[in-house]
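Read from first to last, the chains carry the letters A, B, C and D; within each, the first residue is number 1.
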Amino acid sequence: MRPVRLSIAADPANVRVARLVAVALARSRGYAEPVVDDVRLAVGEACGRAVLTHLDGGVDAPVVVELAGDDEGLAISVTDADPADGDTPVITLQGDSGDPADLAAEGIYLVDAVAVVGGVADHLDVRQGPDGTTLAMRWAPVESLPD
Amino acid sequence: MRPVRLSIAADPANVRVARLVAVALARSRGYAEPVVDDVRLAVGEACGRAVLTHLDGGVDAPVVVELAGDDEGLAISVTDADPADGDTPVITLQGDSGDPADLAAEGIYLVDAVAVVGGVADHLDVRQGPDGTTLAMRWAPVESLPD
Amino acid sequence: MDLSLNARSQGEFEVIEVAGEIDVYTAPRLREALVDLVAKGRHQLVIDVERVEFLDSTGLGVLVGGLKRVRSHNGSLDIVCTQDRLLKIFRITGLTKVFGIFDTVDAAVSSH
Amino acid sequence: MDLSLNARSQGEFEVIEVAGEIDVYTAPRLREALVDLVAKGRHQLVIDVERVEFLDSTGLGVLVGGLKRVRSHNGSLDIVCTQDRLLKIFRITGLTKVFGIFDTVDAAVSSH
């Protein structure tokens, strides 16, 4: 399958469209359902985070999701257009975040979406550039692809 | 729902991704299943036609699908990047095409995909520009949207 | 959902049950199957699309191509279809006048 | 699939059955429901997510927010969940240590 790019306006309702496309791609590449679940969750988290970042920052540009499957596995990236500045929280990957209940001021970033992505993708690369942040996720290829 | 743009590499396998997104959007806008079927078919036809046009013409650019739902209904456009030249068959909308069995040299354009789109969309606008062709389809809003 | 094909002989007729999606991606597999059957001398075809979930004009093109091929051997190609959403596309494209379309395989077979 | 919520009283406990997807789009509706219940003096909550098909960190955030809210009234918020794919995200986020997670509503209620 050659690549697909999805640009979604920053609307929470659009996140499920991105999940749907990711799930369709993962299934078509022959991944087992537990991996498909991981892909669904990772893409949902990454897009939800990006959409909320755009809404918070009043960023009008779309969130861009790029999806490709090849012999090296499945690669999905989610890019927001929120310029990294002093206000942008430094994203810490996984790590020991302590008791989440203590964090709960019911903010949207209460549970770290990026940590969830890191927990379910085989590989996660976070690139913060001047124009925005990209979460690049990969999953290893399945052992035997269906015809 | 604010707009979604899907760019698909010209691969027949990607057409189903576009159908899937269109169906998800139509359902989320509250359309009844027979209309959802029409949307699925129209987007499938339009994207199939565009993908084959790219493959035939060796066009490397993606096919672009734009989807939006608002109070005026559902608007979906599919744009190919095949420059209109003398070789491009003039697209005739609907019309009396005679006996399709006579046409059958088993070419891909045997059954006119654009006529099918015109048959299932409430409104179809075909714009042929120097950079490519856009099929812009619309469906009237449903009477009562779900909350 | 991908395409699945299942062919069985019923007297001089060959019944092809198709399930899944017949579209620009999968239609070539259906074409191959039809070409193979004709090459094996099977010219009385009944294509059962009751379990087809999606059919586009590429798929219709393959069906029309199959019809042409069997006709050149004085054969037949009938369709078994009761699903409204598929019948609609046969109607839009004028193909209801080209194919025999039946409610059951038996009705298709006994029409000859 | 959208979110659906169904709440019923079982003694001093309020059981909220959630079905569908709890995500960045629907989580606000769950939050409202929890806020309403707490405002009505219901502080012993059992949230049954057995029919939830998708749960993301926004949804988890709402659950943690609900827990905080009932705790400030000496209440409780337990989760009923046996689905591996949901348990996985509770585990990844460390929330298995924060919530009581039970196999059935009765097990949740009788734990108090």
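As a working rule, a residue touches a chain if its C-beta (ideal position, glycine included) is under 8 Å from a C-beta of that chain, and two chains touch if they have at least 3 such contacts.
Owing to the predicted nature of the structure, the values given are computational and were not obtained by experimental measurement.
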* Asked: From subunit B, what is the lowest number of touch steps before subunit D is reached?
  -> 2
* To do: Look at all chain centres (mean of CA atoms) and spot the one farthest from the centre of subunit B.
  => D
* State, to the nearest whole Å, the distance from the C-alpha centre of subunit C to the C-alpha centre of subunit D. => 51
* Structure fact -> Note: subunit B sits from subunit A at a C-alpha centroid distance in Å of 29
* To do: Go ahead and note the Å separation of the Cα centroids belonging to subunit A and subunit C.
  => 43
* Round to the nearest whole Å and give the separation of the Cα centres of subunit A and subunit D. => 24
* Asked: Among the residues of subunit D, which ones contact at least 2 other chains?
  -> none
* **Junction residues of subunit B - those touching two or more other chains** => 13, 16
* Structure fact -> In contact, pair by pair, are chains A-B, A-D, B-C
* For subunit A, which residues count as touching subunit D in their complex? -> 12-13, 15-16, 19, 34, 37, 40-41, 44-45, 48, 51-52, 97, 99-101, 103-104, 106-108, 110-113, 115-116, 119-120
* Asked: Which residues, counting only subunit D, touch subunit A once they are in their complex?
  -> 21, 23-25, 31, 54, 56-58, 60-62, 64-65, 67-68, 84-85, 88-89, 92-95, 97-98
* Structure fact -> subunit B residues touching subunit A in their complex are 1-11, 13-14, 16-17, 20-21, 24-25, 28, 62
